[in-house]
Amino acid sequence: MSPNRYTYLGPEGTFTEAALRTLPEAATRELVPSVSVPAALDAVRTGEASAALVPIENSVEGGIRQTMDELAQGEPLMIYREVLLPIAFALLVRPGTTLADVKTVTGHPAAQPQVRHWLAQHLPNADWESAASNADGARLVQEGRYDGAFAGEFAGPLYHLEPLAAEIHDAANATTRFVLVGRPGRPSAPTGADKTSAVFWLEDDHPGALLELLQEFAVRGVNLMRIESRPTGEGLGKYCFAVDAEGHITDRRVSEALMGLHRICPQVRFLGSYPRADAVPATVRPGTSDAEFTGAADWLSRCLDGRGEQ
Amino acid sequence: MSPNRYTYLGPEGTFTEAALRTLPEAATRELVPSVSVPAALDAVRTGEASAALVPIENSVEGGIRQTMDELAQGEPLMIYREVLLPIAFALLVRPGTTLADVKTVTGHPAAQPQVRHWLAQHLPNADWESAASNADGARLVQEGRYDGAFAGEFAGPLYHLEPLAAEIHDAANATTRFVLVGRPGRPSAPTGADKTSAVFWLEDDHPGALLELLQEFAVRGVNLMRIESRPTGEGLGKYCFAVDAEGHITDRRVSEALMGLHRICPQVRFLGSYPRADAVPATVRPGTSDAEFTGAADWLSRCLDGRGEQ
Amino acid sequence: MSPNRYTYLGPEGTFTEAALRTLPEAATRELVPSVSVPAALDAVRTGEASAALVPIENSVEGGIRQTMDELAQGEPLMIYREVLLPIAFALLVRPGTTLADVKTVTGHPAAQPQVRHWLAQHLPNADWESAASNADGARLVQEGRYDGAFAGEFAGPLYHLEPLAAEIHDAANATTRFVLVGRPGRPSAPTGADKTSAVFWLEDDHPGALLELLQEFAVRGVNLMRIESRPTGEGLGKYCFAVDAEGHITDRRVSEALMGLHRICPQVRFLGSYPRADAVPATVRPGTSDAEFTGAADWLSRCLDGRGEQ
Amino acid sequence: MSPNRYTYLGPEGTFTEAALRTLPEAATRELVPSVSVPAALDAVRTGEASAALVPIENSVEGGIRQTMDELAQGEPLMIYREVLLPIAFALLVRPGTTLADVKTVTGHPAAQPQVRHWLAQHLPNADWESAASNADGARLVQEGRYDGAFAGEFAGPLYHLEPLAAEIHDAANATTRFVLVGRPGRPSAPTGADKTSAVFWLEDDHPGALLELLQEFAVRGVNLMRIESRPTGEGLGKYCFAVDAEGHITDRRVSEALMGLHRICPQVRFLGSYPRADAVPATVRPGTSDAEFTGAADWLSRCLDGRGEQ
């Protein structure tokens, strides 16, 4: 096991690496790129790395399916941190290249929808071919295979490229969310501004099952920040649901909701409680604070002793 | 305090006394009538009696308001047993009286709707006047004030009266439910066929409050057997709700629902868990058994240790 | 039929008469007392009177069962108006009587809980006996049967009595609600501040039925102002629910909820839409105004023509 | 406009073409491949084709995002038919190639997860490179760029290739769902076994909004067959929901639910009602048939005339 090694979706120069470097502890770790999300997570599973940073959600493209599916299936892993990174692309070219010289461009497939309009306006005749990653695209430009690569501006120096344009993005506020994943262990300590992730499988052929899932949260006043369906692979219409809920598993309203779901779902996977990157404190509806849960438990004990009114 | 004394809504010869005598422990207790439901319950509060049997619900007239209000307000009491008694009246008369002789009849006001049709058919010209209780009516017939009294057939010998007709009731299956009330203490032991009674006050001016109350039960799979609104006395439209739920306070689904209601209601009064008189076992929806609650709690503990999948 | 005759729960001098006289149209009608709520309502059913004013709800005692049951069962009637009357009692005595002279008092049973504390404080030794109505109690005082009667102060002159004390009431804001009932016809015209009354029977042995009833209202944004259970007479635990909802049957959110309930309930009885006595305008949740209902219906029509986006 | 021309996600030899050929009307249409889902749908929008068949959901990979996003945004289109196609791959090679000769394989990225295990077992050392479509992969094998292509067996003759293995799929019952999309018009006629598709946007920052969306369906007894979230592109956590509901827009329970959602959602897009490929008739919960809706509307009319009991 290598407690000092963190891996990330590489190669060097990707947005994932940039996101990882925003974490203070990254400064004291060996940072090693992996060739894919599964490779990064397997490195954690096998102990080659103690943690992996991988993208999990993109405000333009939605959930990153490979990450979601890897976390939902196979040997369990847990999320300990999240990082939000605004996404803006630079068009990286070899020094001396002008816009008129750019006939072919590349980048990760996920970059394409974010640069589509810029391309249509500035390089309507350029041919796009996908690369395995944005950084890989930059490397291919360095090697002369393409004229330009869309990547983070920070990737330029690494591949001796220069930005011909920067801050390119279709959607204002385009953001990618990354998670730091490790082997299962104690959840991150609660901060008052936390998020809890889990995956729930529902009973087959039970039309109201999703409604029941939401009610387990609603009745305990737990807000859902994200819910995304993923096929279970067992046939059309068979889904599991990945959920991010406001609050920490040690918050009583959250733990009671999770236990409620454990009782009614054939399968539940807890993916971790961790600080929200935006540090927004949880909203606590009246009647759902830990103090109120404790007060209710005390009252119940008194009822069992015939002293419910005291 | 008189642990050996039970009181009941008297006088002697009422249905309440008949109901009390169906309880095995009544055979070894001193049974003392009280003049009213408040008097019976106050005898328990002051310690003159260790328990009181009072009617709480009638299948024809609904909840007995005096009992409901006494249990909801004032010094707390608890329900330990319930008794169901089919209600059928006899027309009790002095020996020798014939139907043609009966010009005036009496009985408790609650008896009237149950004998109305019989009267219309057999004694269309008889005058009805209300008595304080069915047994009191019988006494007034003995004293010659009225010609006939509607009461339980068992009251006849007590007042030297004879039944001119019996098994009189308007509604087939007319039943009264009585409860044995004592000072607060440990609830009756669970039997697997139990009922839990409580009163809930809701937030003023919160239209969805009753829906939320029901959802606290529904989400834990607890069936409600009875819900009845009572004014709080604080103005029109201000209600509290008396509820009988299936199950025992020591059932996890019931206790979690009660605690949920304690958190969202400004006031809750637990009135007891006790064996159902009909001995029908509770229906336990999948996911709501004690074993499943325990399993969920164990899973949560493991999640907190990073072993949620084991 | 006597369109010009209104009846009310008599005798003369009751609160009901006082309530009826607050209605402007009462000035031009012949007002005739009835001996009981059923008698008043039967007078309407047979056409002897065109309308009857009867009490339906009391902020201290709750729903008036006889009125609720008469409206829920038997030949249909409808509510066209409501009247709210603050309830305060006077102790009426024969001229010359002093407080020290008062040994026996009377009044309607419903008056007792409202004067109990006053009695305990000022006349702790006086005996209470119930009368058929507050006005009847006054008459019995006039006849010398009792020393004092609790009734509305307005009843004094009618029976040549004087108030020894006034404004007696236990609960501040004690109020009784009366309804003006007629044969079924077009509901009162909508005013923007209306109330709709109905009675719903639920499926036997369906624990979630009340929750479903409430959800039919909630999903259309209709607030409930009152819900009260009444036994159906078919056995313990068999209830129907009397409901007062905010809004008028011609409001789309109300009519859709009523139709939804008609579909899921084995029986529904519409009791009328009529102006709220307090004239508080209905709160209309976003998405539930008539304009939004019409907009949605227009959109649906366009969808059926393939023009849903226009 | 070319009413006789249908397009599909090409090139020739894809599963989409195979799916399109299962539709009887395809036999009399000119079938033209498009290079991408957006290109196919744009051909419909511009009138070059009267309909396009595109994949929308895969039991292994989930919703096809490009199709979902194209239908949710941009100029409106509607779904008129669906086709289900079991997915099984053949490994297509040039005649004479043996398994030992296969060093490089290709196929559409979506094919990879479905052949992964087969590859690990039979060709653990083969290199995978993605192609633009399965058929395109076959063409590249024909041209000698790769040794084998995973595609539908039906694509073999088109590219003069032979199957070295067939019926390859990781998940048993792997199925892709395709939809036939046209310009907006009258929905397909109801068959009793129909499906309705729509996209709903929810209010920002309203945690209970998804629960409300589900309740609009649940309260009218409409089952959801699929619900999938898609980012709106306006930032993390901003989602719209694509829904497939059981039933036809002309079913009253479906139309009332759609209108309810139109009222509470800031935006709704109706995508069509069309026959279910599996021809399973809709389950109609008691109280939600068209006859019961009509009965309730008739009752409401009678209530407005004072004849609610007839």
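First chain written, first letter: the chains are A, B, C and D, and each begins at residue 1.
The rule we apply is simple: a contact is a pair of C-beta atoms (placed from the backbone, for glycine too) under 8 Å apart; a residue touches a chain by one contact, two chains touch by 3 or more.
None of these values were measured; they are calculated from a predicted model.
J.: Chains touching subunit A and subunit B alike, please list them.
T.: A chain counts here if it touches both subunit A and subunit B, and no chain qualifies.
J.: Regarding the subunit B and subunit C pair, does the interface count as same (over half of residue numbers shared) or different (under half shared)?
T.: Mostly the same residues.
J.: Between subunit C and subunit D, what is the gap in Å from one C-alpha centre to the other?
T.: 57
J.: Between subunit B and subunit C, what distance separates the C-alpha centroids? Give it in angstrom.
T.: 26
J.: Express in whole angstrom the distance between the two chain centres, defined as the mean CA positions of subunit A and subunit C.
T.: Roughly 59 Å, centre to centre.
J.: Of all the residues in subunit C, which ones touch at least 2 other chains?
T.: Within subunit C, residues 215 contact more than one other chain.
J.: What chain pairs are in touch here?
T.: A-B, A-D, B-C, C-D
J.: How about subunit C: which of its residues touch subunit B in the complex?
T.: 57-62, 65, 84, 170-171, 173, 175, 177, 207-208, 210-211, 214-215, 218, 223-231, 233-239
J.: Sort out for me which residues of subunit D touch subunit C in the complex.
T.: Against subunit C, subunit D makes touches at 76, 78, 183-187, 212, 215-216, 219-220, 249-250, 255-256, 258-260, 262-264, 268-270, 286-288, 292-293, 295-297, 299-300, 303-309.
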